[in-house]
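Next up is a structure, given as structure tokens.
For reference, chains read A, B, C and D in written order, and residue numbers begin at 1 within each chain.
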Amino acid sequence: MLSENRLKKLNQLLNQNPASEFGFGNTSNESGQRILNKDGSANINRIGEPRFNVVNIYHSLITISWTKFIFVVFSFYFILNLIFSLLYYFLCPDTIAGMIYTTELEKFLEIFFFSSQSLTTVGYGRLNPTGIIASSIAGIESMMGLLGFALATGLLYGRFSRPTAKLLYSENIIIAPYAHPTFSKEAPTALMFRITNARKNQLIEVEAMVLFSYNQNVNGVIQRKFTNLKLEISKINFLALSWTIVHPINEESPLYNLAEKDLEELEAEFMISIKAIDDTYVQQIFNRNSYYWKELIWGAKFISMVTKSDTGKTIIDLKKISQIEKIEFEHA
Amino acid sequence: MLSENRLKKLNQLLNQNPASEFGFGNTSNESGQRILNKDGSANINRIGEPRFNVVNIYHSLITISWTKFIFVVFSFYFILNLIFSLLYYFLCPDTIAGMIYTTELEKFLEIFFFSSQSLTTVGYGRLNPTGIIASSIAGIESMMGLLGFALATGLLYGRFSRPTAKLLYSENIIIAPYAHPTFSKEAPTALMFRITNARKNQLIEVEAMVLFSYNQNVNGVIQRKFTNLKLEISKINFLALSWTIVHPINEESPLYNLAEKDLEELEAEFMISIKAIDDTYVQQIFNRNSYYWKELIWGAKFISMVTKSDTGKTIIDLKKISQIEKIEFEHA
Amino acid sequence: MLSENRLKKLNQLLNQNPASEFGFGNTSNESGQRILNKDGSANINRIGEPRFNVVNIYHSLITISWTKFIFVVFSFYFILNLIFSLLYYFLCPDTIAGMIYTTELEKFLEIFFFSSQSLTTVGYGRLNPTGIIASSIAGIESMMGLLGFALATGLLYGRFSRPTAKLLYSENIIIAPYAHPTFSKEAPTALMFRITNARKNQLIEVEAMVLFSYNQNVNGVIQRKFTNLKLEISKINFLALSWTIVHPINEESPLYNLAEKDLEELEAEFMISIKAIDDTYVQQIFNRNSYYWKELIWGAKFISMVTKSDTGKTIIDLKKISQIEKIEFEHA
Amino acid sequence: MLSENRLKKLNQLLNQNPASEFGFGNTSNESGQRILNKDGSANINRIGEPRFNVVNIYHSLITISWTKFIFVVFSFYFILNLIFSLLYYFLCPDTIAGMIYTTELEKFLEIFFFSSQSLTTVGYGRLNPTGIIASSIAGIESMMGLLGFALATGLLYGRFSRPTAKLLYSENIIIAPYAHPTFSKEAPTALMFRITNARKNQLIEVEAMVLFSYNQNVNGVIQRKFTNLKLEISKINFLALSWTIVHPINEESPLYNLAEKDLEELEAEFMISIKAIDDTYVQQIFNRNSYYWKELIWGAKFISMVTKSDTGKTIIDLKKISQIEKIEFEHA
């Protein structure tokens, strides 16, 4: 249970950083559901959307996994091919010249192959349309084939050139003693997590923002509140190694004096937003993540990801991103 | 009729936010025409434009509806095909080898199909050019076919990747009593409208600007004036749910003490400008809209679009964007 | 001749806005050559560039006129075709099956057409390669054809999607009496020019900057100096109509008390830089222009480009952009 | 050896600009390895990366040299062709109609050519698939061919349209007497290097940042420190000619009173970061470079790259970028 003082403190903080500016309203979170999914999308269902929307479909084709994308492309090719085959087969089976098979199944298969030769515009020509209907369908089919590959060209380029950061986040967020040599002597405890760039591209001008979200009892109604956590360093010039993002839990922090139990009770969620510039295309990228209270560890420190090779060259090992070491930590 | 005081007030405001900075000049609006169309474009006719401009054509092909675009593509294909057919037919009908039909019409049709097979580069080959003229035309035709599909590739990609927000706006803008628990106790009335994202993509860093435009009598000449309305919150981090944009009508507001009749007389128009970042391509998007005085409702409140599912998940229903509930409202 | 006072004044201004920040150094301009060309490019010759640079070539192909671009594309196609024809003709003329002509010229022409059928991948097939050499060349040729059209696709898209504003500038810049009703009662004279959008796209957040460049005698050496001119309004939200950009010539202006003769002697140049956002692709665009002292008119005013139609709709006539009316102007 | 005073000074500076904000941590540099490579990439090895990553591959294909890129494209084409050839050869050699050769090798070669004719969709048709297996494989092959060229289209466009500046940097950074006529009378010495644009495109709004990085003994442990050097002019509007970037070594500079020996001992590295806008696509570009202490020259001045032609036109000679002239320089 939170003390009266604590509640008062949180209320004060809230009034400085009004919740509504974060765009999530103030619906409560009693059901124990997180607000942001681990991939940074909002944990919200949308209904009443227009059923068919060309931009939504494009958006899906850009963002689905490569496996699904390839499956969609091949299915689309197969189905389009099949539809045209059926048209030829039922409207004008005998005007496709050059066929060598005779059973109905073989005939259909040969038409199917003719169709695929038209769709890809390979057009070997042994099989070729003679009648007006077959020629017209073939004309439309090869045109649609080209348009289809025009679409595929755009989709492939779109998938690749889309500005996305592949950031690695430490699996856990930790609260532990922390004393920076120069700055934060007055902050013996801090909230910390760590990121690094999973890709070879350069990330520059990297900025971090951490939002603390929790339930609050307002006149008997549970509301969801949001407040910004002040970071020791919120922007670095170049993400060459790893970056441990630190929120010092000093007297100004809303986490000050909160115990493990408190955070569970508040259904605490730490919402991370990283902004950077990808140097390949010089594009702004945004990356979101979230740590739910279950992913918080008390008393641990991150093991360094950086070592030196024999020749003195700096080496960073990406696999160590989540490696921590438990430490003694007597906390409230 | 506006009181002398009111006019003075408006004059004072105007001098703080000079009209000319909005780029619409100060031509009056006596004809009762809105300045911004509902789609955000300016309600202006342009004459004296260069008749043929390749960038204007491209711009049209990017922004017209999908139905029109597909119609244009197929027409273009058909017409190009036809032009080349006529060239073959009149210049070298007998050097197309492989023809099997004999009447003139059938011959033309077969040439038309040969032309389409060249344009799409399917080139089955039963029909093939033999003479120098036919071969030359065919060489140019297949090259233009490829260039045409190169163009189509760019156009398709351009149409899809163009940064556009599909925002849903509430049908009406309302003026009603409004009291935010924390902030605006001194503003019992507010001007409000509501937006949400119609698409699945994420909109972040969403900013709103509302411009109030009205006619003013300056030394007997009616001029059009523009002034910015101060918003309670003008930027949110994440448009996950809906956002009700609120302009508190307090003593500093140019709408203070204005009655329904006044706004009609002023031919009031509220010009909305929304700026956001589309997370898919991380592109800045701009969206404009406008509410004419006829779309203003006095005394109403928006019905919440957000509910909870049985499992506690947040649900937003896009169809409720314009749903309002009339409320008692005793106004000036 | 400039008075001592004037020179002193200019020196003072210069020290506030150091020339070097504009990137043109301080080489003099005694030869009477303008610094910026009318298309906004620098009037500078570059030598010592690497002779062959793939990005420079691409840059040219994106920025040359459409006529030149189409000429380049067709020439490239023709020359590539010719090269491969010569390869077939000299290495393996007899392994192209299906030839029907017999004279050497006809043979070469038929090989040329076979080559074009390979390059465009139309491949009718009457003419087809049989030997190993011919088949290999044909394999490379069709592959290069596809790559060529891949390039063309990118170039076409690049040309269209490149952010360019087509701004219309008034032919002349004018100095004339100017009194804005509200603001600049103290500035009876102003430097003015006018712009409008030549295209259908929307330009928003339009900013203007005007640089005054002139020769100055520094200890007997003529140097080129640059100074910023303060504008009455330097940014508008929306370029829906035309925009007259005004620099009031008050006591703080470097143009204060300068006569026509003075500007000629200084070889005055006004360098214009316009920054805006093109709403179609939401791209930042930059546009530069320059007025040389010969393009300055003393005592004139711009005729309005805006009229009202019978139905009250606002009409803008782009052809009027440069229309001025001479006015009486007694100046220094 | 550094004096105690000097060390104290550096410590003071450091505390104002904490090292950690530059993203390189504070690992020492005792091994004498530079931190930034000359091409601006970080001199760091990364291990533990996922072995296969589609975005990393794409990133490589965008950034490798043209020679390598063309080699990759042709190899890919050849290998794909070969794989399909082997499939036909082992699964269905006799269902490819139209073959004219008889030895096994010739048969394989002819199948190989058939395969290439399918992959490029040229499909002459003399060779054509008849059986179900061959037809199916051919259908997939031509589809994959088209997808492959769709990929190539995107890659080619990506390579060209990628925002990259080709900046020329002077080979050396120099420390020499420097007195700007107007500004820096109090800075008789300065650190200087020079840049120019190697390409024809226009670079505007060019900004420079110089970081000084050095080893520091902190309680007996060598740590790497970073501090910003203040520039005389850090932004110019237009990079039309060359730009000499100047850091005045006055009392506020961390280089004040440092001798050649000191910089060697500190393993000094000057990290350069240039930010500009490329006017062709109006894209922000970032360019990094670094000067190691070995590339520093004491007492020299840059020879001007700018001359005038006979007609008075300004000429810039790119080959002179690194030309310096040694000067007398009595330094600490």
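In this section, a residue touches a chain if its C-beta (ideal position, glycine included) is under 8 Å from a C-beta of that chain, and two chains touch if they have at least 3 such contacts.
As the structure is a prediction and not an experimental result, all values here were calculated from the model.
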Chain-contact steps, minimal, separating subunit D from subunit B: 1
Copies subunit C and subunit D touch via same or different residues, half shared test: different
Angle of rotation relating subunit A to subunit B [CA atoms, steps of 5 degrees]: 90
Far-end chain from subunit B, centres as C-alpha averages: D
Between A-D and A-C, the pair with more C-beta contacts: A-D
Distance between chain centroids, defined by C-alpha means - subunit A, subunit D (Å): 28
Between subunit C and subunit A, distance of the C-alpha-averaged centres to the nearest whole Å: 40
Residues within subunit C bordering two or more other chains: 117, 121-125, 127, 153, 157
Subunit B residues within the subunit A interface of the complex: 66, 73-74, 77, 81, 100, 109-110, 113, 116-117, 120-127, 149, 152-153, 156-157, 160-161, 164, 166, 182-183, 198-202, 204, 206, 233, 235-241, 243, 277, 279-282, 306, 308-309, 311-320
Subunit D to subunit B touching residues, read off their complex: 121, 123-125, 153
Subunit B residues touching subunit C - in the complex, by the definition given at the top: 15, 18, 20-25, 27, 30-33, 41-50, 53-56, 58-60, 62-63, 97, 117-118, 121-125, 127-130, 132, 135-136, 138-139, 142-143, 145-147, 150-151, 153-154, 157-158, 162-163, 218, 273, 283-286
